[in-house]
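What follows is a group of structures, each given as structure tokens.
Shared between the two complexes below is chain A, which has chain B as its partner in the first and chain C in the second.
What follows is the complex of A and B.
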């Protein structure tokens, strides 16, 4: 059990981090679909920087900056120029996917054995890490894990417990009303998308920096899309996302361990588990979970239509 | 809770992006065409300019690289045949995206639908390998269409019956399909000698006849050409085509006027899946001769790019697909000649799309000023 948790927790970090980035912009009405590309780009940038500079923290920070840049392009094209969010998102997903491979090939080139970096070191919290079963997986982790825990609590506090958070959420629910109250709709959408996209890229960078130590094309393997499903499932709320991410991470680890588990079923069918489970969960998510009313729609303050 | 809140987010506020820009001021046909074609030309030129600068900045020769990208399809018969062989899956995957888009739905699952179509086709081609071509070939192509349509049908049922966002369901089904075909290629009909997960070859009767001297062009190209005409006419002149476009333009008005909107949206996905499935079956029958892992290449992304660039015009779509096929064949040559990584072409294609989107704003500003 403890062993299983040790595998699940890092994957939980990935899902939580990327999903918090997604709901941050989603709450202001920006439906970001660039995750799959931005995570790949984050992985590529994070690896290349860590490899060249020898600093994993540098890799994470520059991955954040590059992800933020993609978010900036997305937000300028959708809030300022009011282009379709989904279409721009797709185009940026393609561009980011291309750029990820391009950067790696350009800096590293094609090698027989891929270069490897040292993964992040783990820090132990005294006493707590001695708790049986959960102590080892929860309190002996790298700093990204602790950052994600703090981020989730902080986002929850900001969104659900502060006046500024209420204003922030109102932008995604009813931008026209928010605007009439003097809330700057475009500003809220801009910063939330920039920061959110940066967090998504850091989640991508976590793959080479925590799991593998190497970068490979396609290492995100659809998790960027699962993150969007997770945001819907979590009703675009920070704490629900934390819980949902645990489910997604558990499924992910089961899928990865398919060949070891056996069960008499061809391993490919167990590997399908994360995706099939998500599809099933979506049936309920779209029936019960709420989403920001103006998710995915641009705001034109000169339009006479509601919203 | 009202029904509006439960609907999956429809991206954008003003209907799908496929809606062609309205012609204003009763301007002449020539100006109309110019306003339509000019943004494409400008976007392509700008994207190549930016791409060229990037290539130069990376220390390669931009002229050599871009010349290879643009001309290698036309340099030899081999180049043209290969380009047309690439054109087939690209144009079919573009239909897989553009037909559901006409009803306002996004099919991001052409990859999985193509693989299922290839598997369905290969299953018939392997099981009945002794049948003569006159029976086997049509059966195989039909099986491919059905398998692709069935796979998209899962997303359609989830959408119509359970209101599950079709973007997510179609994408997730791609990843399920990768595992499924891996199982087919390693356990059901494995070819141990292939050195890569692949099925055993299909029977000779399941191969599309080749046209002309070697290297031959497979006849699937002609089939898709005929299909392209059929789709362009069908979307423009049949009641179903009209209803599909009406649902995309204004779902509410269509619903009030008695169009079964959600059923039509589901049908759009299924038809799109059939198109992608056909792409898979043709690739098996014409190019690969078997189903193998990775045969989906990057046709999903290319299909979406073409589908978005066509902006709802089923007439323009095959031509745009040809342009993209030229770039894609040229990408390989570029890497050989100028040693620029092939991903550069994907970046250029994404740039063309982004500039094309931006051109709307420029055009509206220009027209507003005029």
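What follows is the complex of A and C.
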């Protein structure tokens, strides 16, 4: 059990980080669908920087900056130029995916054995890490894990408990109302998307920096898309996302496990299971989960169209 | 020179593409003054106020507050300068509570939970008390009726220290009692030194509450008048713009509807007309969107050529009734028949073929395709008709031709049949919807708030069109929150309260205040003339 948890927790970090980044912009009405691409780009950038600079923290920070840049492009396109969020998001997904592979090949080249970096070191919290079963997986982790825990609590506090959070959320619920009360809709959308997209990229960088030590194309393997489902499942709320991410991470690890053990079924079938489970959960979850009322719709102050 | 007026707008110009929405409009409003802004659709009243509130940027012109020239580029600027606005469609976050909506956009000391909000709660209570605007601060917005939601909008503006309050058509959804209460609140505000600008097209209300009034037409200011120096006929004439000799006084019923005659005016003892049976509703049961049975065992007869009007406060089953009668919402039980043809449980296409036409309440959401042109919007529902078909495909040339005719006949203010419906003003959208409904040659016409937000000319036009179809034997159901309208247009008035009949009158023998009591669930009161 403890061993299983030890595998689940890092995957929980990935899902939580990317999903918090997604709901951050979603709460102001920006529906980000670039995760799969931005995570791949984050993985590539994070690896290359860590490899060349020899600093894992540097890799994470530069990955954040590059993700933020993609977020900036997304908001300029959707708030200033008012292009369709979904179309722009898909275009950026493709661009980021391509850029990820290109960057790696330009800097590292094609090699027989891929270069490897040291993964992040784990830090132990004294006493707590001695608790049976949960001590090891929860309290002997790298700093990204602890950052994600603080981030989740901080986001919850900001969104649900502060006046600024009340203003922030209103932008996604009714931008026209927010605007009429002097809240800067475009500014809120721009910042939330820049920071949110940066977090998504860091989630991607976690793959080479925590799991593998190497970068390979396609290593995100569809998890970026699952993040979008997770945002819906978590009702765009920071704490529900934490719980949802645990479920997604559990399914993910189960799929990998089943492959290794060999159950006499094709491994493609096993790999499919997390997605099927997600689908089933979504069918039921959608009944209570509610998203920001203006998620995905651009705001034009002088438009006479309803909204 | 005496002191400068509280607010002064000079030569404000605003264009939307080729349309000149404001043509060098000037406006002066003093302190302690309720200033009426009158005019028809597209007159530019709301546009002018949106400029003042920073929602639109004027192309040119100046705004002065207390004699000082100011630049307002966003609502934030307006709020800081003490300008507050209550929009026609409320700008509220439905999922937030009243307090949360009120404090939204202000800086809160101590967070949005518990302690942080208690100071706000106290201030809201104080405002409620001073101006008679009572609300429950912890109610969730989406559960509140329209009248209360409007109070929240006013409180929002006052909470921010507004000294100039703009109200855009505030009485549209209110009962006569609520209108009286609102006007009392407004008088209290100006007595305390505020200025109020009231956008309206109802002359009676203007005369009841305003000190001064400015009449606008076609994006220009026509005249500014003192309450003392004008009367209803005079104002109506200026508004309609037929003052140079051709203006004809409206009939008594119209005058009541338009608010130029006092309520309760006796229309005259017309002998009771009997109608041939037309539409028959038996034991109709309908659920709302939350699966709650809102209308149960509802019976209704509408004769050929008869107009039945439903009066009621929004949220008492109007939407469900209208949609059920129009075939848009399924019946749980019961039946609807037109000339012995049972329509319940049939597909919508068959309702259309049977001649059922529907003018929905929410024009933007249910009535039009906002990003499609007028041509496409007029084609909806009649796309199978032979008139617009050629070789099995849509004959766009004929469709455009029809649209052009409708634009002329219904006086729709649009550049061409290709103009996107969503770019039209509210009144013009309604004209498109009516043009479409009337083109069906209906046998049953269901109208929900058909003249909401329309000017005198358009309103009269709609009434004429309705009378025209009734003359051809069409049964008409008008569901409206405008009591005067129901009384004016209907042969029979039914008060609707919580989804059922709360009283029925012949329209020429009603006391609006009595209906007002019935539709708010108060039942009969003896000698209760207010």
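Annotations
Note that the second predicted complex is superposed on the first by the 299 of 307 C-alpha atoms of A that agree within 3 Å, B and C clash if a C-alpha of one lies under 4 Å from a C-alpha of the other, contacts with A are read in each partner's own complex, and residues count from 1 in each chain.
Operating definition for what follows: a contact is a pair of C-beta atoms (placed from the backbone, for glycine too) under 8 Å apart; a residue touches a chain by one contact, two chains touch by 3 or more.
Bear in mind the structure is a predicted one, so any value in this text is a computation, not a measurement.
In the overlay built on the shared chain, the residue A:135 is in contact with neither chain B nor chain C.
Contacts of A:87 after superposition: chain B is touched, whereas chain C is not reached.
By the document's definition of touching, of the two partners only chain C reaches A:181; chain B does not. When both complexes are overlaid on chain A, the residue A:293 reaches chain B and chain C alike. Judged by the touch definition given at the top, the superposed model places A:115 against neither chain B nor chain C. When the two complexes are overlaid on their common chain A, residue A:235 makes contact with neither chain B nor chain C.
Between chain B and chain C, B contacts the larger number of chain A residues.
Look at A:98: by the touch rule set out above, it reaches chain B but stays clear of chain C. In the superposition on chain A, A:58 contacts neither chain B nor chain C.
In the three-chain superposition model, chain A touches both chain B and chain C at residues 293. Residue ranges of chain A in contact with chain B, taken from their complex: 31, 33, 77, 81, 83-88, 90-92, 94-95, 97-99, 101-102, 105-106, 221-222, 225-226, 228-229, 232, 266, 268-269, 271-272, 275-276, 278-279, 282-283, 286-287, 290-291, 293, 295-298, 300, 307. Note for the complex: chain B touches chain A at residues 5-6, 8-13, 17, 58, 106, 158, 162-165, 167-169, 171-176, 179-180, 182-183, 186-187, 301, 304-305, 308, 341, 343-344, 346-347, 349-351, 353-354, 357-358, 360-361.
Across the complex, chain C is touched by residues 160-163, 165-167, 170, 173-174, 176-184, 293, 301-306 of chain A.
Put simply, chain C touches chain A in their complex at residues 16, 53, 55-56, 74-76, 79-80, 85, 87, 91-96, 100-101, 103-108, 111-113, 116, 156, 364-365, 370-371, 422-425.
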